[in-house]
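Two complexes, one shared chain (subunit A), two partners (subunit B, subunit C).
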Partner chain A sequence: MYTFSGKLKTFSIILMALGIIGIAYGFLTAPKTVEEVEAILSEQHHGGHGSHDAHAAPAHGEATAHGANTASHDAHAANHEEHTATVTAVINDSTAHAADSTETHIAHVTEVTPAHAEANAHVAKADTHDAHAEHTKHLEHVLHQLQNKPWAAVYVGCIFFMLISLGIFTFNQIQYAASAGWSPVLFRVMEGLSAYLLPGSVLFFLLLLASSAHLNHLFIWMDADVVANDPLIAGKTGFLNIPFFLIRAVLFLGGWNLFRILSRRNSLALDETGDLTYFKKNFKLAAGYLVFFIITESIMSWDWIMSIDTHWYSTLFGWYVFASFFVTAVTIIALATLYLKNKGLLEFVNTSHIHDLAKFMFGLSIFWTYLWFSQFMLMWYANIPEEVTYFIFRIEEYNLPFFGMLALNFLLPILLLINTDFKRLSWIIVMAGACIIAGHYLDFFNMIMPGTVGASWFIGAAEIGSVLFFGGLFIFVGFSAIAKAPLLVKNNPMVEESKHFHY
Partner chain B sequence: MSSHYEAPIRKPLVIGDKSYHDITVDVARPVETRANKQWWTVFTIALIAFLWGAGCMVYTIGTGIGTWGLNKTVGWAWDITNFVWWVGIGHAGTLISAVLLLFRQKWRMAINRSAEAMTIFSVVQAGLFPIIHMGRPWLAYWVLPMPNQFGSLWVNFNSPLLWDVFAISTYLSVSLVFWWTGLLPDFAMLRDRAVTPFSKRIYSTLSFGWSGRAKDWQRFEEVSLVLAGLATPLVLSVHTIVSFDFATSVIPGWHTTILPPYFVAGAIFSGFAMVNTLLIIMRKVVSLEDYITIQHIELMNIIVMITGSVVGIAYITELWVAWYSGVEYEQYAFLNRATGPYWWSYWLMMTCNVISPQVMWFKKIRTSILGSFIISIIVNIGMWFERFVIIVTSLHRDYLPSSWTMFQPTFVDAGIYIGTIGFFFVLFLLYSRTFPVIAQAEVKTILKSSGENYKKKRENENHSHNH
Partner chain C sequence: MSTKVLHVLYNDDDVLMDAVKTTRAAHHHIEEVFTPFPVHGLDKAMGLKPTRLAICAFIYGLCGLSFATFMMNYIMIQDWPQDIGGKPSFSYIQNMPSFVPIMFELTVFFAAHLMVITFFLRSRLWPFKKAENPDVRTTDDHFLMEVALHGSEEEALEFFRNTGAVEVKVIDKH
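Now for the complex of A and B:
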């Protein structure tokens, strides 16, 4: 039996506290009114539009900071150079801005955020004669982007950890369905960590509600104005409408949690009673879950991630998202197992079990890369404008995270984990695991940020804060749940095999 | 490699009171006995089909591609359909020998030899099509990047058709080496049992002087593992590259990112169905029911069911995204599939591939030999139509309505296809009489853990211990 160690509990609480501070800072420093944005913009005009290529990350971070410090704008007014950087952050998809700016802005905009830009183009057409209305529209848009930043940061952190716990549960179910003989000694770790699915789902659903209530602008298709002016998005309202969106979310999140609760209940009942019908029940439950999962996972990825870039579509997307969180989930299982083993709590876990987990980390990293490459290469090769903008924007504006994640998700795990002996060394697995987790966080970042904050991205207080908060919560909930049941399953007909497993 | 302990709930993989010697005798029997009348009948039919097909190929090359049913709009039809179909079938062999090895599935041992043979023979069939569908096949060597007298005129590495050349040739070579390595101990067994000098000579040559020392076995296992690790990404990438032939294009219905994994899933699907078709007959004909058991068939059926579901999800994803994309060409491509002039092939494909594997959820059906056999045939018909639908329905109606047309195969198209089926069976039938169709060396490694007699013995021992 494991007792949630005081140190780890304190650590997770500190993480959560730091996370909340970071998130709160992100929200407090976001501009709140059009006036604030106007102030920022008017300030930018002092700075001029000198450098369009100054989309450097730090500048965007400052953009947010500037937005908040309306009171001290005068102080900033002197510093023209800094403002130039701010300009580029704010104007990046402003069509209306073209009214008092050069034409290059429009070109830039269209190139940069196709989805938003197109919507804006319509607005621009309608309002060409009304420069004032246009200006207001533009200010609103900029405001939305800057306000999206902390929301998007929280959204990425929230969905990332929620999907990790879903991935852990899915891995657990695959082990049942495959009658795996090596993994039952790890079942309690998986069951415990996937306990995060429930609070994670609730928090995530609250975020979806917040978007649906128009508290943010993460999903442009939720904006009636945009839909009215964009025939392409209007054509999708049969699927992309708020009530149906929320119903699907309830169905998916509810279904996954239901399966998890039932599976855990059967597992505990098997411990107590030794009645093999619980084992059989769990086998059938796993088969049912996997069918439910493969369907809901695809639709979930379209709903919660792909629809952010509402104009873009890719048939591979669902499986790509799956590969991303699934490899992270296996990595988390490996790290938690190492932690518990290190404390001497997992008596029957040996280096062979670790070796197997590391092989999954290795293999699934390659699998993720395969899907990444397939999706990227096919769009790059055919170069069809409607879909290739997705990658053009990411390469131009998210160059480092976009290609950096390839190093983290593919190159380093491959090099670190190809050696058999290395796959049995804790510190190697921790290193490769850190790469994989950071890399797949970046993957979700790359999927969500460009459509929500455009080129204004920056990994700052809110982004780090939300990773700390949800990470802390994940540890807290996961290890609390691990502490609620013995670490070794009893009466599972496969567990003896697992105890004697050597590879 | 495996644990010393096996859960009692696992079912035996070798049935009957078998000893090591029994396995040897059972596996060697087809090789050491004479072929019966039925074998000769089937072989003759296959040979005639093959010769007919070869005639059609010669006719095509001599006369021109115009003897086929292709036209200016539909430049690919049965040729590439058959190519992809055969490559797909070939994938199960590598899947069984490599992926199931990586996942330590002991049940693979009774079926891997024949599955690999099937791979080799079907990749050979597939390999014919890229050559014969060329307008000038005698210039086929131009696809190879060789220094030459045209000022070193080179190939363009941007074409997926060139990637195909590398993919298929690498795949064939690696599969062949993987298969042959596994055969060494088994050929050595046949060599050691040979009674005629002729067969002794033959199997001595084929077994490369295998003597089965500890060091040899150690290296043998290591090589198998490395080759399995290489063959797995290879098998995925080969069918991925085949899918790139379509997915890199800008044709509505072809250009879709899901094609790579979905083609791979389809390949596993049709490949396993084909293994099932062949093994259900083989276990009966050469009396290997004790090794290729109902459990083996059931497990293959489960894989057919899983990959069939994955393929089904992909179909639905494609349909949904066609609607979601808002691209009218894409939407029309799928409308045309479902309701156009080739609607029957689309619905045949849907029925065979999406609905038929779902019956495997019923234990009664997936453990029934007849049921499995019928479904396995249906799946391969469905998978042929999948490729046909993807290729022809996307081509015959695309961007310009003025170039819309139909496709009608000729007897030469059909003749070549029948010829490859004949050729495949010629090779497979020869194989089944001259090669050890079960990897006896491997099966012997699981006899004591998974043999029915040993499992019973353990059970009784445990029982007596408890009292």
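Now for the complex of A and C:
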């Protein structure tokens, strides 16, 4: 029996407290007026702030797209001359992508019509184009991005840890469905850590409610004005509307939690009674869950992540998101197991179990890379404006997190974990695990931030605070739950095999 | 001069594993074990050194990766520059993503084939080679352990019969 040590409890509470301070600081320092934004921008100006380039980009794109009105548009571009220093370097190939890359960008601003409409407007009243109005529009736009920023930061942290606990539960269910013989000694760790699913889901649902109540502008399709002016989004309202969105969220989150509660209950009942029908029940439950999971997980990824970039879509996005949180989940299981084993509590877990977890970390990292590349390469190669804009915007504005994530999620894990002997060394697994967790946090950051805050991103108090808060809560809930039951499952028919597992 | 060896036959891999352990514990020298299929953990039980084939595989993979990079750079960039989706034609790095499948495939190809060839060379296998296993039953359902004979023949025979062997023979090996 494990008791939640006072040290770890204090540590997790400190993390949560620091996290709350960080998040609160993020919200309090978000600019409230256009004037504040102007002050911020002029301060950052010489640092080459990203949004200037991004804003200048459409000017260039439109100018080429509407060749007839070149003169007026050149004037338009000239007005922004102080911002356009890098614009020619930024765009070298497509005009269309430039117009499109700001679409998400512009669409956030309630008052501003989407890019297509805007482009036409330029043609119509090219001569009367007013530089000042454009500048104000730009400031308002950045204001909305910066107001979104603390929300988006909380959103990334919240969904990341919620999905990790979901991934841990899924891993547990795969072991049941496959009747795996190696892993039952790790079941209690998985069950405990996946307990975060319930509080995580509640918090996440509250965030979705906040978005639905228009407290923030994370999802542009929730904005009636945007939808009215955007035929592409208007065509998706049959699926992307607030009531249906919330119903789906309740169904998915409720379903996963229900499966988890039932599975945990059966596992504890099996311990107490030794009645093997509970084992069979859990087997059937796991099979049912996996079917439910893969469908809901896919739709979940469209709803909660892909719909942020409403115009863009990718057909393997569900798999991609799954790979990302699943590899993180296995990593967390490995790290928690190592922590408990290090305290001498898991004497029945041997290096072969650790080795297997490390193999999963290694293999799933490559699986993630395979999906990432499959998604990237086709769009990069085809270079179709509505697709490739997603990556161009990330490469231009999120260059370091975009490529840094590849190093953390692919290069370092593959080099650290490729050797058989290394997969058994705790410190190697901890190092590779830290890379994987940081890398996949960045992956979620890259999936969510560009569509919500555009180029106005940086990893500041709110982002770090959000990770600390949800990480602390995850540790607190997870280890409290681990402490509630014996660390070794009893009466599971596979447990003897698992204890003697050797490779 | 001929040396004497014992050929000890078993018909079950679990019995064989236990026998290997007791044989080593009794300080008999196991020269070789012939099995009809790979027995899991036998190498560890026999005390064989871990294979270094994986290191070779890694190096071969790197060779394949380098070769693919060189090859695609020569074919698609240097010799006859190709327009790939409108990307700049004279830069390898800007066209690299489209070569990744080739780089991956050649990495796997080199690692796999050269690893097999290395394995054959290292274990002295080549086409039409005469089989080395001393008893044809080891290709069917028997396991044969070859042990060097030192000291009393009777004692050794007694010892190995007690390890669950189905047959123990003394052979003059040339």
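We take it that the second predicted complex is superposed on the first by the 394 of 503 C-alpha atoms of A that agree within 3 Å, B and C clash if a C-alpha of one lies under 4 Å from a C-alpha of the other, contacts with A are read in each partner's own complex, and residues count from 1 in each chain.
Criterion: contacts are C-beta pairs under 8 Å (C-beta built on N, C-alpha and C of every residue); 3 or more make two chains touch, one makes a residue touch a chain.
Note that the coordinates shown come from a computational prediction; the quantities given were computed from them, not determined experimentally.
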Partner chain(s) touched by A:165 [first = subunit B, second = subunit C, both, neither]: neither
Which of subunit B and subunit C A:201 touches, first, second, both or neither: neither
Partner chain(s) touched by A:497 [first = subunit B, second = subunit C, both, neither]: first
Partner chain(s) touched by A:381 [first = subunit B, second = subunit C, both, neither]: both
Subunit B versus subunit C as contact partner of A:295, first or second or both or neither: first
First (subunit B), second (subunit C), both or neither touched by A:232: first
Residues of subunit A that lie at the interface with subunit B and also at the interface with subunit C: 377, 381-382, 502
Contacting residues of subunit B [partner subunit A, same complex]: 1, 3-10, 102, 233, 236-237, 240, 244, 247-250, 255-261, 309-310, 313-314, 317-318, 320-321, 324-327
Subunit A-facing residues of subunit C, complex: 41, 54, 58, 84-86, 97-98, 100
For the subunit A and subunit B complex, residues of the former touching the latter: 179, 181-182, 232, 235-236, 239, 291, 294-295, 298, 302, 313-319, 363, 366, 370-371, 374-375, 377-379, 381-382, 384, 386, 493-494, 496-497, 500-503
List of subunit A residues in touch with subunit C within their complex: 93, 373, 376-377, 380-383, 418-420, 502
